[in-house]
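Next, two complexes with chain A in common: one pairs it with chain B, the other with chain C.
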Partner chain A sequence: MTAIAHPDRNFKYWLISPAIFLLLLVGLFPLIFSLVVSFMRVTMLETDTSFAGLANYAQLFHDARLWQSLLHTVLIMVIALPVELLLGLAMAYLFLDRLPGRQLLVSLLVLPTIISPIVAGATWRLLFDNRYGPINQIIGWFAGHPVPALWTVNPGLVYPAIIFCEIWQWTPFMFLILLAALSNVDRSLTEAAEIDGARFWRSFRYVVLPAIFPVMSIAILIRGLDLFRIFDIIWALTAGGPGTMTETISVYTYVQGFRQFETSYTAAIAFLVIALLTVIVTWAIRRMGLAK
Partner chain B sequence: MSIKEREDTMINRRDFGKISLSAGLVATMGRPAWAASAADTAVKAAQQYKGRTITIVWEAGLQSLDPTHFSGPKWKELTGMDVKVVEVATAEMFTKIMQDYKSGAGAYDALNVIPAWMPDLAQAGALEALDPYVEKYGYASELQTIAPTYRDNQMKVGGKIYGFPDDGDVFLMYYRRDLFEDPAVQKAFKDKTGKDLAVPKTWADFDVVGAGLTDVLKDKGIYGASFFRQPPYAMYMFEERFRNEGGKFFDPDTMKATINSDIGVKVFTAMRNENRFMPPGVEQFGFVENLATFLQGQSAMTISWPPYGRWAEGYGTDQEALNWVPKTTIAGKVGYALPPGGHPELAAGFALSVSSTSKNKDAAYLFIQWLNSEDVSRQRVQLPYTLRDPFRDSHYSDPGYLALWPNAKDYLAALKQASQTGLLDLSLLQTDKYEEVMRQAISKLWAGDDPKTILDAAAAQWNDITQKIGVDKQKMVYAAWAAESGAYPKT
Partner chain C sequence: MKGVPFHRRKETKLVLRYLIAAFLVVIFVFPIYWLFAISFKTPAEIFAFPPVWYPKSIQFNNYAVLFKDGDAKTVGNSLVLASVSTLFAMIFGTIAAYSLVRFKTGGENLAVWIISQRMMPPVAIAFPIFLFYVWLGWVDTYIGLIILYTAFSLPYVIWMMRGYIEEIPLELEESALIDGCNRWEVLWKVVLPMARSGLFATAVFTFVFSWNDFLFALILTRTEVMTYTVQVTHYFGGQSNFWSKIAAMSVLGTIPVFITVATLQRYLVRGISMGAVKG
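And now, the complex of A and B:
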């Protein structure tokens, strides 16, 4: 009776404790365990798992392949992200007006985003195939002769191929988010700007852009993070090749962890990536004013 | 498609029962009446484990149709033991085996292991040494009838048996006999090159024949040769050719990599130059693309694993499981030879092992002894859909196999020859790290980088790997590997 009349003030904590425990178990424990492992000598192939101090972190600074893979990641990001943003914005503007069949077209345009990236990559690999792929065949029709372009082998073609696939798959994501943002822009403001003589660009720059900026920032952030961890399309298309020319940080981490079995070093790479992303995301959030 | 439907379209177990009965009779005639076969011994001993389940790791895809459709059900019928097959993609097999071992889960009892992994797996302790079981269950004499290259090179680590060679993977050259014997082609070739047309025995000959045949036959849509050039396959071809040309992987005293020697550069340069007389885009060819090219009659020569030879003759390709294999247009027109140099790469293969963490070690061992035995393996290598290739002396002369298609005799003769001269895959501690470097080197080669620069970088990476593993430790493993009969061609 007493318990009912005067419930334990801490009872609510008891109620949520299983959930908290579960979250810590699946979230915090692996993180801490990985941190511990990054200071050890754990590999799948050796029995020595002794303490390695900062050796794995020191190795990061001497690992040219790691920094190259970061550079490849950044390269893909700085090309694909602006293109996806601009194309997405242009498409969103196009679909802002009530076009006939708009709903159907929007649904069709969004289809690539619902395909698994690894499936998309494998499909594009077939499309790019020199012998059986339709892309070379179509180019050949225009060129008037067979075009034996090796999209996944030729160093001059691999990046265009990867970036094209990436843009094909993820521009619809930008389009969808920006379409939603543009749809919510107060029409009376743009109409007032037009009446005051503002042309399209000025109206966009000073009226529309500020209105859609918060949503656009989120879209850029999400896609930026996605591009930073790009793996599937590259793995399916080139597996990081030729050589390590298209190896991104995610591909390199996978290779180290699951092909070379360098468990501790992989953990160190993971923490480097976490540190880099924390700095970049914090900067981006402040810069975009998303924290306000 | 249901399993039932698939079974209906395949050679069923009853058919194999007939084959095995006749094969068994032949085998029994050569065995003393009082001696039980290894298969019988295994079955008898395994009956005490009736009701248990053995879990075996098997390569996913066609290979695993063997235990799921043939050997597993047959074992159940004979012993009352169930066989659970864990299908794993080749690229994941090593990882899965090691994960199971490291976690101590003991999820697997028996394993399919690529022999090049054995030093790593044995050193880690993941594999059970099989010598006591071989003795206990009287398998030693039947082990001796495994073809020499596999028996002598793919069974032991440090003098102990860790796996039974169970798949005669080896590269063979397949060529269009009809073209090589066509007087018009012979004359055109002679006119172009000034030489007589013959199946090449050296790589220098191959370059002349390949380029010459392309010149002569290209108008008919036929190229002199085509190879699989994707790095995982081309890596094996480099390993083979490099050694046939006299190359050595390491300096045995210092363990410095010597793949960037003049021989290495010569082989790399020639490999790239040869692409010019192969179909456009050959750099992207994998197993299937190259198979399609050859089976559709678009190349005069190719090198690959044994299934190419069977499928070129149309053997088994009417089976549902093989409906992805392009229809052959060259049945009856194919010749078989050793690749130039005469020492073909064994290129992967599989051995059967027992997991050291298994809770059913004896039962698992008995299952692999039975699978690997003379009687049962003879049936398994004739399953048209499972990619297991002949690996015992008796397989090459089996009357049933010899009768499978008109020139199966030539095919088996070439395989037998390859089984006597084949070259082992490089097998060291952490072999895959070295192989990964080679795969990258090959992809750079196709991308147009300078062969010498690529190989210098690859050798430097190999040296770093060796340094990290430990020079002395790796030196011992390399010395043991290099001492194997199939490591380097005998001079």
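And now, the complex of A and C:
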């Protein structure tokens, strides 16, 4: 084997180097770039590029709009994520046992998840229209009189509108993953129809939940991260409005960089977000034993 | 339910479950139905009050307008960007995954680093990438977006292919080596054929993720390589006569995804859960 051992030794590096190169090119480079620029005074409107020290980072702490956008992001996450999880789990139980046409029904349920979030947002924009949209019409049937609710403009309704759309698109994602996870659990433990409530809850708590927990935590991680960077749905529904009421961290970063042209300050925000997420994600991945 | 024979009780439950399931399907599918319905409606039907629940006749005017104005070209752009970047991501990602699995290259840390790249909020690095691309002259070019989508798909491809390659028995590769194959031949003649279905499924999901992207396309395209997702948002705003265009363009961009995913149902779970559930 010594004759071919020599070319073999570098083989594994040849295989992995194109991927690493590309990841560094669009992954690490922007990271370093952000870091350097964040210590300078660059805007797209002026030519001043002097050293700013920690001024941009100091500004982060005084930027009320930034912290509000972070709060908006967390608000959407803490409502949407548990609802998606619990509704998805309930739906998974519903479809676990024999059901005529199960395959077709599941396929139909999964459709929202695979369409583009921007299309999902556009669709709900049309649904939510105060006059020509079907949602106000249906609410009107129950209310007994026409309901002209302005879903994407009224401050009291914009969050429900965004969260409805978000839950509609991503509950099927949770449902599909949890259905697969539950299918791998011993059937005698999951047949809710055959056993009484108390026994069902006990077996769920001590047997089923631990069995599906690894898969469930990955689903929560994926959805949690997606929710943290939520952009498309909001862009399509409210564009952060009314005012800055539904501005999330991604929308705010976009506005700073591409509407206000605050290059250095945007870099500082970006670096704050990246640093925050890197720590959380690395911790979560190791904690969940995902790397194995 | 006391007093009802056991098998009857079971049937009642089945009917009840069926009703709830049907209700859920209606709720989840209705928005998509509405989108398709609008795309076939006439302007009078779109702006009818109270809303018209289905188009009286199927007419393709809303689509014809998109093709006449050249807006449909953006679907072609999405197609080029998503398919070429998927091809590159599959090639580079699969060989990288093979290296990670068979030679434990870089150990666990490298694998964690790679997957953590997928977790980055795109908007946070989009801005530096934009400045970098302005400097390179890559804004609104195919090469710029193809490289970006390729790099963004890589963590997913590597992660998925790692799972599929791990399932290939090592003995097959060893016997091929003993038979005189070199390392590249083992990869080409043993590993890739064995992982074929995994390759196919991963490629489709990679394609769908790039196809559905909005943020990078918004930032890095102007006119030449604008994708259909950006085109859809151009119809937003005051003028409500754009509704038919929003719907028709959205449908054009959604049908390819429905078709590809429908053909790959059995890989759906593993594909969207990043391999968390083996399917």
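As a working rule, the second predicted complex is superposed on the first by the 245 of 292 C-alpha atoms of A that agree within 3 Å, B and C clash if a C-alpha of one lies under 4 Å from a C-alpha of the other, contacts with A are read in each partner's own complex, and residues count from 1 in each chain.
Keep this in mind: contacts are C-beta pairs under 8 Å (C-beta built on N, C-alpha and C of every residue); 3 or more make two chains touch, one makes a residue touch a chain.
All of these numbers come straight from a predicted model, not from anything done at the bench.
**Student:** Examine A:P155 and indicate which partner it touches, taking first as chain B and second as chain C; both and neither are also allowed.
**Tutor:** The first partner, chain B, only.
**Student:** Quick check for you: in the superposed arrangement, does A:T49 touch first (chain B), second (chain C), both or neither?
**Tutor:** neither
**Student:** On the A-aligned overlay, A:R131 touches which partner chain: chain B = first, chain C = second, or both, or neither?
**Tutor:** A:R131 contacts both chain B and chain C.
**Student:** Between chain B (first) and chain C (second), which does A:V215 come into contact with in this model arrangement: first, second, both, or neither?
**Tutor:** second
**Student:** Which chain, chain B or chain C, is in touch with more residues of chain A?
**Tutor:** If we count touched residues of chain A for both partners, the winner is C.
**Student:** Output check: A:T244 vs chain B and chain C. Expected answer is one of first, second, both, neither. What do you get?
**Tutor:** first
**Student:** In the overlay, answer first, second, both or neither for which of chain B and chain C A:F258 touches.
**Tutor:** both
**Student:** Let me check the overlay on chain A: which residues of chain A are in contact with chain B and also with chain C?
**Tutor:** Of chain A, residues 131, 258 contact chain B in one complex and chain C in the other.
**Student:** For chain A, which residues count as touching chain B in their complex?
**Tutor:** Going by the criterion above, the answer is residues 44-45, 47, 129-131, 146, 148, 150, 152-155, 241-245, 255, 258-261.
**Student:** Considering the complex alone, what residue numbers of chain A touch chain C?
**Tutor:** 4, 7-8, 11-13, 15-16, 18-20, 22-23, 25-27, 29-31, 33-34, 37, 91, 94-95, 97-100, 103, 105, 107-120, 122-127, 131-134, 137, 168, 171-173, 176-177, 179-181, 184, 193, 214-215, 218-219, 222, 225, 228-229, 231-232, 235-236, 249-250, 253-254, 257-258, 263, 266-267, 269-271, 273-274, 277-278, 281-282, 285-286, 290-292
**Student:** Can you tell me which positions in chain C touch chain A when the two form their complex?
**Tutor:** Residue list for chain C touching chain A: 10, 13-14, 17-18, 20-22, 24-25, 27-29, 31-32, 34-35, 38, 46-51, 53, 92-93, 95-96, 98-100, 102-103, 105-106, 108, 111-112, 114-117, 119-132, 147-148, 150-152, 154-155, 158, 182-183, 208, 211-215, 219, 229, 232-233, 236, 243, 246-247, 250, 253-254, 257-258, 261-262, 265, 268-269, 272-274, 276-277, 279.
**Student:** How about chain B: which of its residues touch chain A in the complex?
**Tutor:** Against chain A, the touching part of chain B is residues 95, 98-99, 102, 120, 123-124, 231, 279-281, 283-284, 289, 429-430, 432-433, 436, 440-441, 443-444, 446-449, 454.
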